[in-house]
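Take a look at the structures below.
You will see chain A twice below: alongside chain B first, and alongside chain C after that.
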Partner chain A sequence: MENLVILKKEDLNDFVMQIARTKKVVAPVRKGVKSFAFEEVTSGARIDLDYTSTILPPKKYFLPQKETIIEYDKRKKEWTPTLYSEEIVLFGVHTCDLFGIQCLDIIFSENPKDFNYILRKNRILIIGLECSNYCDENASCALMDNQNPNGGYDLFFTEIDDRFIIHVNTYHGEKLINKTGLCTKADKRDVSELRLLKERKRNVFKNEVDIPYAELKPLFVNAMKSKVWDEIGEKCVSCGNCTNVCPTCYCFDIIDDINLDLNTGTRTRVWDSCQNGSFAEVAGGENFREDRGERQRHRLNRKFNYPVSKFRRYFCTGCGRCTRACVAGIDLKETINALIEEKKGNENG
Partner chain B sequence: MDKREIRKSPYDIKQGKILDVKQMTEFEKSFKIALHGGDLLDHDPGQFVMVSIPGIGDAPISISSSPTQRGYFELVVRNVGKLTGALHKMEAGDTVGIRGPLGNGFPIRLLEGNDLMFVAGGLGIVPLRSLINYVNDNRRNFGKVSILLGCKSPTEMLFHEELSHWEERLDVNFSVTVDSAAPDWRGNVGMITSLIPGVTLDSKRTFAIVVGPPVMYKFVINELLAKNIPESQIYMSLERHMKCGVGVCGHCQIGDSYCCKDGPVFCYTKVKNNIEAL
Partner chain C sequence: MKAKVAFFDFACCEGCQLQIANIGEALLDVLDKIDVVEFREVMSEKSGGDYDVAVIEGSITTKHAIERIKEIRSIAKVLITIGACASIGGVNGMKNNFELPEIKKYVYGEDEKYFDSVPTMAVDQVVKVDYYVHGCPMYVPEFVTVLKHALMGLPYKAPEKSVCTECKLNENECLFDRGLTCMGPVTRAGCNSWCVNNGNICYGCRGMLDDPAKTGQIEILKKHDIPLEWVTNKFNMYNKAKDVKENENE
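Moving on, here comes the complex of A and B:
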């Protein structure tokens, strides 16, 4: 219990303002009727604690849409690997997105280590926020077992009545709590209420698709030649929305820009999407993933198949963003169900 | 935002000085490059480098020379894209950026002591030449060596002098075929697959190393299997779009494998069930 502390909800504003004095604080804010985004805040007032899911996941702070990786000077014939980063306190991250960040950490920590990612990540303090209910019908967090946190945060906020019960998970988190001086120790009543909420959640979050967690990978492994991919390929418009909003999609392009002096310039890393038609095309015109269905199959195998062999985990967080963002109405849960149906059909006939 | 230099970045670039440029055919040029300060590239046959030109970008280029050729390395480049177009305009004395060597290279230790059959289609001879020359420079460590080369036409043929040298050497069986040729061509005409049945080989101790355009592999591999060469003794080098060269950016992915990091050299057993490979 020593790692549980209490912050009164009425003190959240002071809490955020105090941190924002020395650090950039980003938190979920409302952007429209049903849309939210992580944005810089200077007080607690703009933070929307009841936000459902943000349009973009917090990966934009870890792997920016556009980032300088090299600065060059043509005259000196020099390329200098460069990082631009800042200290950030990321407030209000749902458990699915915590998992997404953990996935990115794995990818960019593999050898050869990506220090642009690692050094930037090390300057971000993560404060998680418990979900007591589903965002909407698109989420499949219980299928992916992400309705509860599996680490990946410095502090974790659970909102109960007039207070937050905060799990202090790291020394960095502890220092932040001590600096604000607004928190008190949790007592027995807090602990038992927290336990009650977790129990209640067990009845709220239930596997959204009729397949056990462990069966997901074999489902995708055996569906490489499935007709479902052709059907999805027919619908897909290759806009790349699904990959942009995915918390675990990290494919990128590398682009050179030159400054107006025509001598200095930057090499930047920008988000790319395996759904773009030319993603796998080589100079000379050969395209190794020309078909939209093949590209969708590839995207989902990168969530439910390939990473399982390499890292023993799915790279789907269950956040539901790909379904929400799809302009063609391709729905992840429907896709999985279609694969299940097809499998049943094959087994019976 | 604070700015800092990163000491150890996978995107770090070394300076490479172009020592010599040679026009090989209408579309291909050969570049001799030495790293700044006399550094050795220290590559394995079959590896590649990312070549950078500031303001243009970078592109993966396979190393065409053997590591036994020290002091400089050679890249043979077809003018097909943005980077290769800009590279073709460069001259001896110019500097390019070099990142690498990258990728896994051919399994030399595995090949040692065995018979080798090289099958090269078109530009496939460019990466394969790094291994052929390595083998020729360490000839006594290998058994029988045969080289089968297929080209569209005699005018597209690269490395003329070396080809005639291979033809003359007693320790190398060399044959070449072209898809079509002018009447004065005295060699074979036909697909590369037509050369394979005629080769006498001991299938148990023969390793086949195949590099060519994507469409070639299925047909060549079928011929090799018909010769009873075990699947585990067939190696190939695959081409894909690459950006990072270190197995992250996703462009070169073949199913669950990254061509740039897990490849570009793959054993047939590793890719035969990979729907995206061949």
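Moving on, here comes the complex of A and C:
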């Protein structure tokens, strides 16, 4: 209970303004008619806490779409590694996205460590936000068991009536709370209401696909030759939306650029996508995944199969972004259901 | 020694050359690297055929233009097309929606016999092109990139992915979700989704992807309940010239 504090909703604006005075605050804001995005805010006015998931996940702050990693000068034969980081308070992160950030942490902390990522990550303070209901029908957070937080935050906000009940999880989080001076200690009533909300959530969030969590990996392992991939391959246009919006896709390309003086230049890291036709193309023109269906199969195996062997966790957060972002209507839950149906068919026939 | 660069225009609005004149600060860096020997829009001097790099704006629409572009090609060590008209045919290609005698009569009336006209072609339908800068108007950062590649003698190819890829990275709300028809999924990237960033749809001015995944594109139309004609009409606005077969106008 001592880790719980209360912020009145009417004080949220002051809370954000106070932090924004010294730090960059990013939070979900409305973008267009029915979309949202994490953007810099200076007050609570633009923040939309009823947001469905944002177009891009918060990974854009941890792994920028385009990042300069080296500056060079050919004449002087000098190569200077560069590092970009800034102090950010990331506000209003859903539990699925917290899980996504934890996945990225695992990837970039592996040897050889990615210091650009780690140093940037160390300067980002994460404030989570409890979901009391589904974003929309595309989410499968209960299937992936991400409807509740599993750490990965400094502070965690739960909205109840006229207040936020805040779980203070780290020293940095506590410092931030103390600095604003707007929060009060939670009492027994707050704790019991929090418990009630968690119980209510148990009836709201139910596994969206008819398969137990542990059965997901074997389903994909045994579906390497499935016809489902051909069907998806027919639909896919390889735009790469599904990987760009995925909170756990981290593949990147390295590009060397030269300035107009034709002597100095930069090396940049940019997001890449396994859905691009040339992604698995090697010297000589050989392409290991020429077919769109193979590329989609690979994408989902990188969520439900390979990382389980390597890190003992699924890399799907259940956020539903890949389904939402697919212009051609490839739907994750439909795909898993099709694999289940095919498996049943094979077992019976 | 600086490369001697000459700019030439064919059937076009000269808007792409205007883009170059308007580059701003980077223009000084560009001029530091090249010697502009002919550029009708911004200077009166002529090269007299003494140039290394030819930058071409506009599409090929007359027999005279065919001869002229062949002559330019025979002199130029490197040939760069700028803008949709030169690179893919562009809006001039709309002419190809009609029979030539019919459309000539519509435009010129009784005097049509005095005018030389052939179905619209992109420059590469007549001569070899070394570098393309796409877009209507051309995308300036891509021009600078192409210029650097040309100066270093390296090949450059526009990214073989759709505009959607860049659009999503810019976090634009998908226009299909707003009930609009957008050419993004079939159009070659490289413009950083310039139009959508500024509240417009994609018109396909950079040309169609080499492999646009036809069955998938039909899925997109089905999902959003869009008739195929709407898309082909929009697409023909910039991409009709490519229907002209090689040597058809010879």
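Annotations
Definition applied: the second predicted complex is superposed on the first by the 349 of 349 C-alpha atoms of A that agree within 3 Å, B and C clash if a C-alpha of one lies under 4 Å from a C-alpha of the other, contacts with A are read in each partner's own complex, and residues count from 1 in each chain.
Rule of thumb we're sticking to: a residue touches a chain if its C-beta (ideal position, glycine included) is under 8 Å from a C-beta of that chain, and two chains touch if they have at least 3 such contacts.
Remember, predicted model here, so these are calculated numbers, not experimental data.
With both structures placed on the common chain, the touch criterion links A:277 to chain C but leaves chain B unconnected.
Note on chain A: of its two partners chain C and chain B, the one contacting more of its residues is B.
In the superposition on chain A, A:74 makes contact with chain B only, not with chain C. Contact with chain B, but none with chain C, is seen for A:267 once the two complexes are overlaid on the shared chain. In the overlay built on the shared chain, the residue A:200 is in contact with neither chain B nor chain C. Legend: residue contacts after superposition of the two complexes on their common chain; A:258 is shown touching both chain B and chain C. Applying the stated contact rule after C-alpha superposition, one finds that A:298 touches chain B and leaves chain C untouched. Of the two partner chains placed by the overlay, neither chain B nor chain C lies in contact with A:344.
Overlap of the chain B and chain C contact sets on chain A: residues 258, 262.
For chain A in complex with chain C, the residues that touch the partner chain are 31-35, 37, 54-56, 65, 234-241, 244-245, 258-262, 271, 273, 276-278, 292, 325, 327-329. Those residues of chain C that touch chain A in the shared complex are 26, 29-30, 32-33, 144, 147-148, 151-152, 160-162, 164-165, 168-169, 171-174, 176-178, 185-186, 211-213, 215-217, 219-220, 222-223. By the touch criterion stated above, chain B contacts chain A in their complex at residues 1-13, 15, 52, 54-59, 78, 80-84, 95, 97, 213-214, 239-241, 243-244, 246-256, 275-276. Per the touch definition, chain A reaches chain B in the complex via residues 69-70, 72-74, 77-86, 107-108, 110, 112-116, 119, 224-225, 250-258, 262, 265, 267, 272, 274, 279-284, 286, 288-289, 294, 298, 301-302, 305-306, 309-310.
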